Amino acid sequence: MEVKKAAATTPPEAETKAPTEVAVEAAPGTLRKSGVEIEAERLRPVQVEPGKALYRQVLPGVLQVPADLVIAAARKSSLWPMTFGLACCAIEMMATYMSHHDLDRFGIVPWASPRQADVMIVAGTVTKKMAPAVKLLYEQMPNPKWVISMGACATNGGPYTRYDRVLQGVDKIIPVDVYVPGCPPRPEALMDGLIALQNKIMEERKKIG
Amino acid sequence: MSPEELQEAPVVPPPAGSVADLFVAVLPDVEFQATQGALDVILTVDRGDVVRILRAARDDPRLDFKYLRCLSGVDHMEAGLEVVYHLYSYTHKHNVTIKTRLPQDDPSVPSVTSIWKGANWHEREAAEMFGIFFEGHPNLVPLLLPEDMTDHHPLRKDSPLAEIEEWQAERAGLAAGETGEAEE
Amino acid sequence: MQELLDNYAAVFLAGILGALLVLTAILASRFLAPFSRSLGKGTPYECGMLPIGRVRTQMQVRYYLFAILFLIFDVEAVFIFPWAVTFVGVGQAAFYEMVLFIGILLAGLVYAWKKGVLQWR
Amino acid sequence: MTVEQEHELDTLEINVNVGPQHPATHGVFRMVLAIDGEKVIDLVPHIGYLHRGAEKLSENLDYRQAIGLQDRTEYLAAFNAEFCYVMAIEKLAGIEVPERAEYIRVILAELNRITSHYMFMGAFSTDIGVFGTAFTYGFREREYIQDLFEEVSGDRMMYGYFRPGGVAWDVPDNFKERVRWVCRQTRVGISDIDGLLTNNEVFVARTRGIGAISLENAIDYGLSGPVLRACGLKVDLRREEPYSIYDRFDFDIPTGERGDSFDRYLVRLEEMRQSVRIVEQAVEQMPDSGPILPEKVPRRLRCPPGEVYMRAENPRGEYGIYLVSKGGDKPYRLKIRSPSYCNLMALKEMTVGHYVADAVVVLGSIDIVLGEVDR
């Protein structure tokens, strides 16, 4: 996540400016800013600051390796997703939390507020009216945070991608770590996505900072 | 579906003793064209006496259409916009569809929120999706679109579908699982 | 004297452990978590929306009554706990004293109830 | 504290934003509550956070492709939504549906009503405070029914199984035993939830008398389904205007007296039992073999020009499809009249005057599905 953020800070401004801006300039030069133009500012991608942990400066290098291992193992085995159900995928996400496919055994406890959440599972279609709320919620999450884009709608608009009020993919506004395919993805697919995220946390433990 | 291929529905007179005759009995002075739709009778009315006929439909004991089922807008391109009211009566158990045709340049029709409170959101949605202006509506503000987007009518036939933009992650090198360049 | 010291040692030890627990909890997160100040992080959480309305509005006065009533019965509970723990060895008289103590507070509760303070009008 | 003294202590009302991301709003519904202390003075609902243009997209898909959008619009009872859309095409194009297909459709639609009501039981009781218990009960039972749906249509939620004129392919051979087993299991599940919630004083205290609406107001707002029947009007489209083969089954229609949240819960609970009764009768009467699609339905269906407003009884109320066709293979206009959209209009009427905690209970008792509200 750490490097992704470093990488994320440089390109998003430059490149991602193109698609959302191009769609906007097409609007005729009306006197009053058209609704679509007002919306463009709201859909700007999130500015991601990489966090700096104190123990990185204090602990000598050789001690950081075991510390990273322990911290990453702790983080990966208690991922608290923020209950963020948008549409049909949310029902499948709830089915995954519930007793039949039980996510509690992975230490994954759904949590309502972003303040104590580690993962944001974007389950459903992100519309352009909802995008500012998604960005704000992502920013309000404490820093080692990850995003799972669940379902075709969150990945690139899914069956609704041709409608101009739908954001074609949540990665246009926030950086995404794991994409779970499916419409809606089966509970097993979501579990596979979460396990992939856990492996990713273990791999990138040196970069979380 | 090029516009020439569009065919209009054939006008089939409704069977005798149907709701249309009730309307003639209740409101002899209002003239309307009646056709028999797939399920229920369809009356096309001039927009001037829409409120009058709907108020009578709800209050007159013989008609007693207390339940406004659905209110929708239809865009017929050059032939103008259309507002369709579907009514149902719990006591007499009969249905009717009342339609009014609005010209493309001045799409306004009096609001029926004074008759049924249930028409409020239907009218707001038809207003923002088609640009129909409902006079006398208490709060004609976009409902499904953001409040400050009053000039964008997505359901109009002339407003295009969005193009498919490139998938964000591949281009910005942030595809899933890729850990990026800068080593810590 | 020695036995007195032992008792206090136990209390002293419990205090130390409590403080240790609290300190590690706070310092660990300050020490390990990667902090970052981003624009939106400081805004109050309002279900995804930017906060509306003023924050410093006057609160309803009724809340003050609930707070006071809670305080009284909470403090009463604090007194009842040690009594309940040493209930067996403490003898008959202490029992009746405590019943008297609870009775007085019960009268206060009945008074508040009859006054209708507990109902949110 | 006499009433006069209180007036000098008037306070500004606080705007509480129960926003799009909230555990109790069943999706992305937002309402701004103006509260004075604990009492709700005003409620302004905001919807549109999940407006994905199902109607606009349906105008650019042909008749069979638009079935997928119907599933995703009403994602808790996808079979019912497909049922209504497919019947609208059949009425317009005048297609006859073979017997066996009708029975399969009724069985699946009624079982889907039960899964939708299970979801309601779980969500509604979580709003009240029975945190998780009824939710777990509900989802455990849903899994049994969803397994059957998966065997029949291949998917747990987005079935895409109904076709204009019947169903896409035949059901597996052990369909009847499986349905009987699911019915027995559902009766056990319903009695579990009944035992947990109905006589639970806390549940009754939190829901009795909360969010009541009078019958005249309910009709005026265009409410339909369990919310309307809870006000005492015995109206159910399966009995009022019997579509498909609902006139062959006998089932009674539960109604409430006071139209408050507890009556809505009771009506839905009883409705689940009636649905199981329908399914059991349908399994007995279902012919063992026979065509499931009429022979002459062309692959690219072209409806004759005309319009139809087809309505079906959806778990949340009257689900209507207003289909205008101008002769092409694409619907010219497809308006979805969703029951949650209309039931939500009366939310302010039901909530103002109650406490803040009850606003969430009233919203839960209407049982809205945001995909349907915002379309």
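In this document, chain identifiers A, B, C and D correspond to the written order of the chains, with residue numbering beginning at 1 in each.
In the analysis below, a residue touches a chain if its C-beta (ideal position, glycine included) is under 8 Å from a C-beta of that chain, and two chains touch if they have at least 3 such contacts.
Computed from a prediction, not measured in an experiment: that's the story for all the values here.
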item	value
Touch-network distance, chain A to chain B, counted in steps	1
Inter-chain centre distance, chain A versus chain D - centres from mean C-alpha coordinates, in Å	31
Distance from chain D to chain B - Cα centre to Cα centre, in angstrom	23
Distance from the mean Cα position of chain D to that of chain C, given in whole angstrom	45
Chain B-chain C separation of Cα centroids, rounded to whole Å	58
Numbers and ranges of chain D residues touching at least 2 other chains	19-22, 48, 51, 53, 56-57, 60
Where chain B touches two or more other chains, by residue	145-146, 154, 161
Where chain C touches two or more other chains, by residue	47-49
Chain contact topology (line, ring, star, complete or other)	other
Chains touching one another, given as label pairs in label order	A-B, A-C, A-D, B-D, C-D
Interfacial residue positions of chain A with respect to chain C in the complex	2, 46-55, 58, 71, 113-115, 133-140, 142-144, 208-209
Of all residues in chain A, those that touch chain B in their complex	2-4, 6-8, 11-12, 15-16, 19, 23, 30, 34-36, 38-39, 128-129, 156-157, 161-166, 168-169, 171-172, 175-179, 196, 200, 203-204, 206-207, 209
Residue numbers on chain D that touch chain C, as the complex places them	1, 9, 11-12, 14-15, 17-22, 30, 32, 36-39, 355
Chain B-facing residues of chain D, complex	47-48, 51, 53, 55-57, 60, 91-92, 217, 219-223, 233, 235, 240-241, 305-311, 318, 320, 322, 324, 326-328, 330, 332-333, 335, 337, 341-342, 344-345, 374-375
In the complex, chain C residues that touch chain A	30-41, 43, 45, 47-50
